[in-house]
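The structures considered in this document are given below.
Here chain A shows up in two complexes: once beside chain B, once beside chain C.
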Partner chain A sequence: MVLAELVQYVATGLLVGGVYALMSIGLALIFGVMRVVNFAQGDFMMLGMYLTYFYAMSGGVDPLLGAILTIPPFFVLGFIVHRGLLARVTGGGDPQRQMDAQLILTLGLSLVITNATTMILTPTPRGIRTTYATQAFALGPILLNQARSYAFAMALVLAAAVYVFLTRTDLGKALRAAADDPEAASYQGIDVRAMHGLAFGTGIALVAAAGGLLATYYPIEPSVAGNFIVLMFVAVVLGGLGSIPGAFVGGLVIGLVQSLTLLVLPFQLQNTGVFIVFLLVLYLRPQGLFGRRARTV
Partner chain B sequence: MSFPPRTLVVVVALLLTAVAVVVPPAPAPAADDVKIALVAPLSGRWARQGQLKKMGAEMAIEEINGQGGIKALGGAKIVLREADAGDSVEKAVSAAQRVLTREKISAGIGSWLSSFTLGVTEVAERLQVPWLTLSYADSITERGFKYTFQTSPVSSLQAEQALELVTDLAKKNNRPIKKAAIVGDNTAATVFFFKPLREKLLAAKGIELVVDEVWTPPLADATAIVQKLRATQPDIVFYGATNFPDSIQVLQKVKEFSVKSPIQGVGAWLVTPEYVKTLGKEMLDSIQTVVATHPMKGQEEFVKKFMQRTGEPFMTQDPLCTYAHVWLIKEAIEQAKSADPKAIRDALAKIDLTSGPAASSFYPNRIKFDERGRRIGATPLIVQWQNGEPYTVVPAAVATRPIAFHK
Partner chain C sequence: MASRTRGWLAIAAIVAAGLVLTLVIEERYHHRVLTLVFLWAAMGLAWNIISGYAGQISFGHQVFFGIGAYVTVLLVVKAGLTPWIGMGLAVAVAVLAAVLIGLPTFRLGGIYFGLATLAYPLIFRIVMDWLGYQEVAVPMIRDRPAWFMQFSEPRSFDLLALGVLAATLVLSRVIETSRLGYRLRAVKENEQAAEAMGVDAFRSKMAAYVLSAAPAAVVGAVYIHAILFIVTPDAVFGLLVISQTLVVSLVGGIGTLWGPLIGAAVMVPVSEVLDSTVGDRLPGIQGVVYGGALMLIMIYAPEGLYWRARQLIRSRAGRGAVATRAAIAPPLDDAVASAPTGSVLLEVRGVSKAFIGLQALSDVSFEVREREILGVIGPNGAGKTTLFNVLNGFLLPDAGQVRLRGEAVTGLRPSALCRRGLGRTFQVVRTFPHLSVLENVMVGAFVRERAVGRARGIADAALAQVGLGDRGEDVPSGLTTLELRLMELARCLATAPRLVLLDEPLAGLSSDGVDVMIAMIRRVRAGGVTVVIIEHTMQALLRLADRLIVLDQGRRLAEGAPGEVTRNPVVIEAYLGKRWLARMRAPTC
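Let's look at the complex of A and B:
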């Protein structure tokens, strides 16, 4: 029975962590390629949730499919945001001033998106009713929530697709080259600015898809980003800043630690476990879990 | 990654600016308008409740102004000044500070979450502005404040009365309560509700507490909590998840794990329309909650008007209370014959209303405050979900539907 309970906690933690992982790799990609700390990442996730909700309400699209359908529009949105805003404060110039400007820009973007959504869509929480949100796959005594299981599986597929894209395609290799050494990459004829746009668009599309998957079981409201943004940053730093596999594992570790913490600590201290592990990792391995090749993708 | 001091300064400045824009610039009112402040969460995770409160306040103000304003002040109109309490005590306090110092405010209302109200009433007390609140926490009126008036029955009293009611109902239903669970967040009203249950009330009734799980919102996942409910099968779950996503996660898991224990909520957050949309009415049926007030028998016409006005499918405690608070302030101003906050405070301390829109919105229909600022005789209501709508079911005298027993 004790073993079954432990397995249930591990399974629950991994399922929760799967979506954290997908949320985090978008952030890691943006940081890895552009060195931009995107505070608005959670807000794009929230917009992804709303678009999935819109698909479900207007076209009866299942949110699992809806999550995938958020990818193209959010890629375009990310690309436009990069071109119109971020490109003005990245790529050249005094790095310190640029860092300031980027932080202010993404934080400002986050405030604008949250408040505009509150004004336009009202703060009323919305939810997509799916049958699988309240059903479970039973593996003996272990119950795996169906919505979370599907979300987990799709997060894995999307993360794998990103990995393959980065490592096996010419465009992916160009992106990594632009991340590793923008100057040398540009000598090789790689359009670094376009690569940054590609990275930002992909990062935003991934977090929007994660939002869509989250919407299968989590209510949607303009302030929903606040529940996840800190965990995203912890996952990215935990995994090694900018490392995609690192961010993925970081997300899984957070879900797992949140769940296993409950075996030893009361519920009120659920996130304490996460931050203890975070501090331990930073103390013992300051570059993060996958930090040997930190700041690369 | 390290942020140099300059970066931090810029970030902090930006955040402060963001807070500053939350209080909208005040349109110039006529000189004799009476200004009332509403400090409620209009952004962040409790924004929906703030929105509902605002609807109630606006409806009352429209009625009062439409009926000729405040007669004792020559027909002066009431003007609402809203300020966003956001999602933290610090933001709530700063919003109250801002709205109460930038112009003369006669009285204030807010701030829904007891934790916010505790902070906001300190500001009101210091600035000597009378403050009406629906928040439940006992400590709100335990600090010797002169300007705070609490119309709701306090949490500990609600706990006592709710336990009494549910044990009675359980006996009538031939399912006596032997095991109870406490599940909820650690916001102030919930904490004060759970504390007496945990410390004495349950034991006094010979009820064993089998699950006691409290979290800090937001909740990451409800599996562990609901797993415990499934393992122990309590006869009643006292439930206080004020944050909507947390509550949805718990209730979805309750269904997923086929937990059959009856759920007794603590507060009006459990009876908002979005629950039906997110969970479906079948799942909500017979979940009940104890609230400070809810539309009662005799208020049908008024509720219909509210629904037409706002497009909401039904009315709940939050708009109803705020509606009553605005009317109560109006009555106090009529009696004080002045818009001066101190005079209104004195009038509120002496007021004894048994009729009118304010009194008929609370049970029993009387508004008189004791020396601590608590409404004398305040009794909670039990509201139950039935076929996708929440109805007042206890006490029977004001019930809009008979109670349905848990199957």
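Let's look at the complex of A and C:
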């Protein structure tokens, strides 16, 4: 039945999209607060997958719990990376140059992480065996993979937690103030540099957790970052650079597009649909679905 | 000119040194490293044309490298065509691709451009996979190896790569010293100011993109025959290609042809040596070295080795020398107040412009007559600068029409309007900060003059005209506010305008400065140029303007001779206030 097949593709797309949404939120948070396009985001996701794997192998920790447990160490790591690397690139006061320099810095960081991981952990793919990875919930004719369903649900919970943090807590409000107008925020006694560290730490922690969730059904290897960083960029641009709800919706849309592309194109071309959507959004609505268009003159 | 020949001599010396190395080196492996240095230097130079000169950081330049590789090899495999000809076709395909990619992508500014360029090589990768070209080997052809670029003697590849490098160096040098080079630097430094000075930013970027795609395709084609022998999507469209390009360019320094050269000479041997000594035990050591180099250079010398070294040498040489500056005296007020001739130069009809929730201009109409000085006055937020932005094409009006010398010009780009004789200056001076004062003005002069030498002459004359004749070699950051405003005026005059729009040229000037500027503006008009000037203070405009227009909340409140306007009760009510009235009546003012 054609309709059931379509619903199946939509459901699969949304489930995958939930995890994309979580990793994209991290990227959007970093860009929204710091104006940094973080090329190494995919690599931190990969490291999150490995940490979850090691939790599972050494302590028998279920990856769904392991994903959550990646948050504290990666928050600290992100904070250190910001303080030690990103905060030292200023661009000589020219915001455009600073943005370019920080982007290139994170590109360098990405190369180092990918290749160092290859050197240390070998390129061999690994996987975490779980009972639910191969099982599915059946909703009538629609099958929902259990691992993806759990990952989706946890991604939603984490995304909601971020949203509450940003909108309801004082710290979250200070973070948003630093994002909107760093200068005015600093006059209000907000430590903008600390806010940037907080944003980077949180962004990294989120993508690492998303990696942990992904590890329940996706092979873990050092080169996995390359497959996902572009999807994150697309999701974030789709939602409007820096918009958190936008990135969330963008992630879901990417999952949907990927899944629905399979209805019309062969498997190898799965991501062309995503890139076409990406380019169309850039050309037709560069501010994204949720972004505000900046005045130029 | 001396520095000009020096540049060419330096290129000749580099090529000669490359030749000597090629002949001296014996070991096969060293030849391979040398070939790699030449090829990556050429690739870095190609990238530098669009990202260094034009400032459009491209993260997808390996698209052209990959097109060069694939097209050339597929032509050998499928059609038996020699790569010497195939390379030419590959360049044509790359240029076509650059046009097709550039057309939509250059509409994006800033970070969006870089992000969009990421997508193209990925699309090519997927499509090549899908077409079944996961691995295309260069077929061995034994009977005519040279005809198929298959040399057994490694020197031949060195020479081939050196030839590619030499050609790219010459191309870079030609661009650097041509009008296009100046325009690209202007676009990089301040795109809007460049547009206002007659530089069509889109066309300039497009030209740079095409010029940088061609050598990248050649490098890709040669790289396959000299180094790889097998084309895979990952090897030519992958992240490592762009990383290597970025590394050699950024480590060396961008925006100059010496940067990628230095970067390649330093980084390629380092990574090759590491790869050959510990590469089999530590796969990925190259990636770590490149990534580390990118990080270190961004933190410690983001401008690159070339610029850092130059700065060190300059500061050592320049220590102790204190620049002497002569105070600018107001020019003799020799300008005879020429009466407006009355024929209409610029006609504004019913122009309206709204931003979200704010009507910045509503139904504004007026005329500017030949050789008059028209003052536009009004409180903050009255829409004065918005009016200028509409007049010179930065903004498209929601309604209404602008005619310049009878021609409807609404919707033209600022550069097109500048070529039609409309110049402007900005409320906050917009310089090209890394260009010298003379070069700033030359950007304007290029509107009328293609040759660099003559443009320099025009710029010199324009600087002398505003009293900055001896400041040409300075950088804008060394100028005072008055000098900056004068430089901007000179840059505007160098475009040989019929009409200039001056946006608050007196703002931030001392009273002496105001005198200089006012005398200068009078002199501009005496030279036959019509002036529209925005000013805050009524006092200054009364000394200068033939007629005044008063804007308030986007509407034209009044228009007429200064005397009439200042007595207009509506104007007094809305703008001047009762105190003005009192002051005007008092004899002391």
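Odds and ends about this structure:
To be clear about the criterion, the second predicted complex is superposed on the first by the 285 of 297 C-alpha atoms of A that agree within 3 Å, B and C clash if a C-alpha of one lies under 4 Å from a C-alpha of the other, contacts with A are read in each partner's own complex, and residues count from 1 in each chain.
The working rule: contacts are C-beta pairs under 8 Å (C-beta built on N, C-alpha and C of every residue); 3 or more make two chains touch, one makes a residue touch a chain.
Since the model is a prediction, treat every value here as computed from it, not as a measurement.
Model built by superposing both complexes on chain A: chain B and chain C clash.
Contact with chain B, but none with chain C, is seen for A:Gln258 once the two complexes are overlaid on the shared chain. Using the contact criterion defined above for the overlaid structures, shared-chain residue A:Tyr217 touches chain B, although it does not reach chain C. Of the two partner chains placed by superposition, chain B and chain C are both touched by A:Leu241.
Within the superposed three-chain model, A:Asn227 lies in touch with chain B and out of touch with chain C [touch as defined at top].
Of the two partner chains placed by superposition, chain B and chain C are both touched by A:Leu107.
In the superposition on chain A, A:Arg88 contacts chain C only, with no contact to chain B. Legend: residue contacts after superposition of the two complexes on their common chain; A:Tyr187 is shown touching neither chain B nor chain C. In the superposed model, A:Phe275 lies in contact with chain C only, and not with chain B. It is stretch 115-123 of chain B, out of 61-69, 115-123 or 277-285, that runs into chain C when the two complexes are superposed. Shared contact residues of chain A with chain B and chain C: 37, 96, 99-100, 103-104, 107-108, 111, 114-115, 118, 123, 226, 237, 241, 266, 268, 271.
Across the complex, chain A is touched by residues 1, 3-4, 6-7, 10-11, 14-15, 18, 42-45, 47-48, 50-51, 87, 186, 213-216, 218-221, 223-225, 227, 244-245, 248-249, 252-253, 255-257, 274, 277-280, 283 of chain B. Remark: chain A residues 37, 85, 88-89, 91-92, 96-97, 99-105, 107-116, 118-119, 123, 226, 230, 233, 237, 241, 266, 268-269, 271-272, 275, 278-279, 282-283, 286, 295-297 touch chain C in the complex.
Of all residues in chain A, those touching chain B in their complex are 5, 8-9, 12, 16, 37, 96, 99-100, 103-104, 107-108, 111, 114-115, 118, 122-127, 129, 133-136, 143, 145, 217-219, 221-224, 226-227, 237, 241, 255, 258-259, 262, 266-268, 270-271. Those residues of chain C whose C-beta lies close enough to touch chain A in the complex are 57, 59, 104-105, 107-112, 114-116, 118-119, 122-123, 126-127, 129-130, 192, 239, 243, 246, 250, 282-288, 290-295, 298-299, 302, 355, 389, 394-395.
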